[in-house]
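Consider the two complexes below, in which chain A is the common component and chain B and chain C are the respective partners.
What follows is the complex of A and B.
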């Protein structure tokens, strides 16, 4: 059985004032039935990869096949069986109602009318949008437009769906509801595959069977969330709370794998991954010599964010 | 892709096009606009004609030549540029182009469907303008003297030609951003100038006439005038008096087929280049 997605030596260069290498020699395999995550910071190449896989963009070199078909030569074969939704997407025809927008797209995919109507009703209910079904799209909120676009992606019942940051900009309760739906969608439909890009660690950790970490156009690691966390090693992930100071010089400390620093309530929260716990002494010395004061120190079980720092050397922000 | 899939796409796109064209305002405002716009557009030219010629009755064939050309040119502006604007609007305003592009339908067929709404609106505008011309300005017209078979055949070929031209420009629009409207204006100006829309192509220099004779719109407008004008003499004005209606119809057919083939090749090439360059979902103006 062919993998759902197979990418070999894929590169993509954007020409302009100076070439930009968006994808650099990417190799990736996603098996049928997987809920696969692409985790990386903004500009890492996640969206470019999705655009190539859903036949919106051509690669500069290398090959990519989706459901056994080449994205360049067999785009038409792929399009019947996939769909894509981008996070923050507010696309749609404002003069049509939500239901009309959805119905039209199901008809583009040849979904029989009765099936389409039932599926749309069911999805509208699942996403809490049934009250707005007959409202013109221009009259609803941005969040409701986003929900409609997520429904648009699922209303055609694709074998493979690409979700590019699906919960971007949505409130917490909506994000949770969407994550629950995504999980159920893959579990309840045998053979359905989902490729999800996100820069929310928790989303990747909660949802994905496997995660690829992508940074600056390169796949840095592919593993299960648990496998990625194991790479960090226990006893080397720390959270230090300090008074405000410039922590950047600490990045070059011997044994410092990666670090993120976030100001919070007049303090500084510094999350770091170290080669081993003995390095923490040098870290504290560095903080004190900078004139700052350590308010709290805790050793943590590694998270996916720690795994990212361990592999990339910095956080996702 | 099966023919029934293309027909479904045509039907859906035509429905969508009509919703967008007709639902932007309340029905009364829409109807008022639909009446005023074509009359205002043709009146500009009528006033210019009256300034030069003082009245419309002295040279009815010449007045009909100018009025019919200006009226039917509304199909050019509405259909040709309307189709290219679909690319611009779907990509940047509604942001649906990428979703349509990655769906299994043919974008080419979808655009033909979207043109249907524009053809209907242009037809409404032309009927209003003609009615105004006949009732208010004394435009010579007799329903019984219209060569209906020639007119209907001419319209079918003419609209096919305009849609082909629009699709070629839509292909170019895939590669451009906000500049696409400038391209439309430029092409519109050239068609207006070179195809005998309001003055005979014989007043153009030889090279201008040569270009005009390669564009099917020239033959389409000539045949529209010949089929609608009730008397004789209008065929002497356009510079094509040496050709019979049948010959001009053949020119229209051949040039339309050539334009359609060229349009398809151009559109497919532009589609490929747009996909290579990542232009299908670019946002530049909104």
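What follows is the complex of A and C.
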């Protein structure tokens, strides 16, 4: 069985004021039936990769095939079988209702009218949007609009769907509803594949069978969320609470694999991954010599965020 | 599903969106009915002041009506892919498997609704208010010429839309260039023959020139000072329609491929 997505030595350069290398020699395979995550910070190349796979962009070099078809030569064959949803997307027409917008987009894929209407009704119900079905798009909230966008992606019943930051900027309850649907969609339909980009660690950890960590256009690692966490090793993930200070110099401490620092309630929460726990003594010395005070220290089981820091050397934010 | 059926569904859906959208915000009717009449009135009073033949008043009403379609081609169709990119729809259109021509045909069909309201109101009100006399002796020929003109003009709009797809704001200048100057060189308000043979011959490259000239001949007879025989102008329109559609297909494919290569299908503000 051919993989759903196969990418080999793929690079993409954007010309402009100086060339920008958005993807650098990427190799990636996504199997049919997988819920696959691309995890990386803004500007890592996630959206560029999705746009190439969706046939909106051409690679500068290398090859990419989707459902057995080359993205350059067989774009039309791919388009019949995929769909794409972007977070924060502004699509559709404000004067049309949600139902009318959804119907219009299904027609662009040739979905027969009766099938389209039934599918739209069922999806509106699944996303709790049936009350707003006949509201003009320009009158609904951002969350409702994003739900409509996600319904638009599924209403054509694609074999492979690309979701680019689908819960970006949404409230917690809307995000949970969307994640639940995404999980069920892949599990309940044999042979359906989903490629999801996110910079929410929890989303990747909860949803994905496998995750590729992408940074500065390169795939740094591909594994299951559990496999990625195992790479960190136990006993080397710490959370330290301190009084405010500039923690940046600590990045160069020997044995420091990665670190994120976030201010919170007048304190500083520093999450770090170390080569081993003996390094913590140097970390504390560094904090104290900076004039700050350690308020709390805990050793944690590694999370996907720790795995990301371990591999990339910094956090996502 | 065959490509033909897919494209038909896609085109009808896009036409539906534009037509229904227009009915939900009907304020445009006021502007599209009243404002063109003011322009028509200005030309008519100008001709009356000069003591021109009454047929010229008919030319103005006909030209005023056809303006609706020309503006729709330039701004409602050619520029539409640019607007769709600005509002975020273009990439969804491009990911879909339908033909781009089906999408544009749907836009044209939907746009015809509002254009037809404007054109008909100009024609009917202009005729009634200014007591313009037209005689439709061969309605079939008139319908045929009008249909061929629409096909050729909207085919030209599809070619222009491929330029907008690629060049965005730069293509804006082309559309501006093709608005007011075309009123002049295509003879929207006077017989195009008045511009001399050379300019008239060049102007026939724009289908609306031929369409207007042929319709003037069919409605106003000898007073219209026709450029070429109606049958020849109709034949040229048919050739132009076919040529523009072929060119549009080639150009849209080429511009889409170039847009994919240069990343212009998804970027806004270009």
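Note that in this section the second predicted complex is superposed on the first by the 317 of 317 C-alpha atoms of A that agree within 3 Å, B and C clash if a C-alpha of one lies under 4 Å from a C-alpha of the other, contacts with A are read in each partner's own complex, and residues count from 1 in each chain.
What we mean here is this: a contact is a pair of C-beta atoms (placed from the backbone, for glycine too) under 8 Å apart; a residue touches a chain by one contact, two chains touch by 3 or more.
Here the structure is a predicted model, which means the values were calculated and not measured.
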{"item": "Clash-or-fit label for the pair chain B, chain C on chain A", "value": "clash"}
{"item": "First, second, both or neither for A:95, with chain B first and chain C second", "value": "both"}
{"item": "Which superposed partner A:198 touches (first chain B, second chain C, both, neither)", "value": "neither"}
{"item": "Contacts of A:167 with chain B and chain C, given as first, second, both or neither", "value": "neither"}
{"item": "Chain B versus chain C as contact partner of A:303, first or second or both or neither", "value": "neither"}
{"item": "First (chain B), second (chain C), both or neither touched by A:105", "value": "both"}
{"item": "Overlap of the chain B and chain C footprints on chain A, listed as residue numbers", "value": "14-15, 51, 54-58, 76, 79-80, 82-84, 89-93, 95-96, 100, 104-105, 107-110, 152"}
{"item": "Touch list for chain C against partner chain A, complex", "value": "1, 5-6, 9-10, 12-14, 16-17, 20-21, 24-25, 87-89, 91-98, 103, 257, 260-263, 265-266"}
{"item": "Touching residues (chain side chain B, partner chain A) in the complex", "value": "1, 5, 8-9, 12, 15-16, 19-20, 23-24, 94-96, 98-105, 275-278, 280-281"}
{"item": "For the chain A and chain C complex, residues of the former touching the latter", "value": "14-15, 51, 54-58, 76, 79-80, 82-84, 86, 89-93, 95-96, 100-101, 103-105, 107-111, 136, 152"}
{"item": "Chain B-facing residues of chain A, complex", "value": "14-15, 51, 54-58, 76, 79-80, 82-84, 89-96, 100, 104-105, 107-110, 152"}
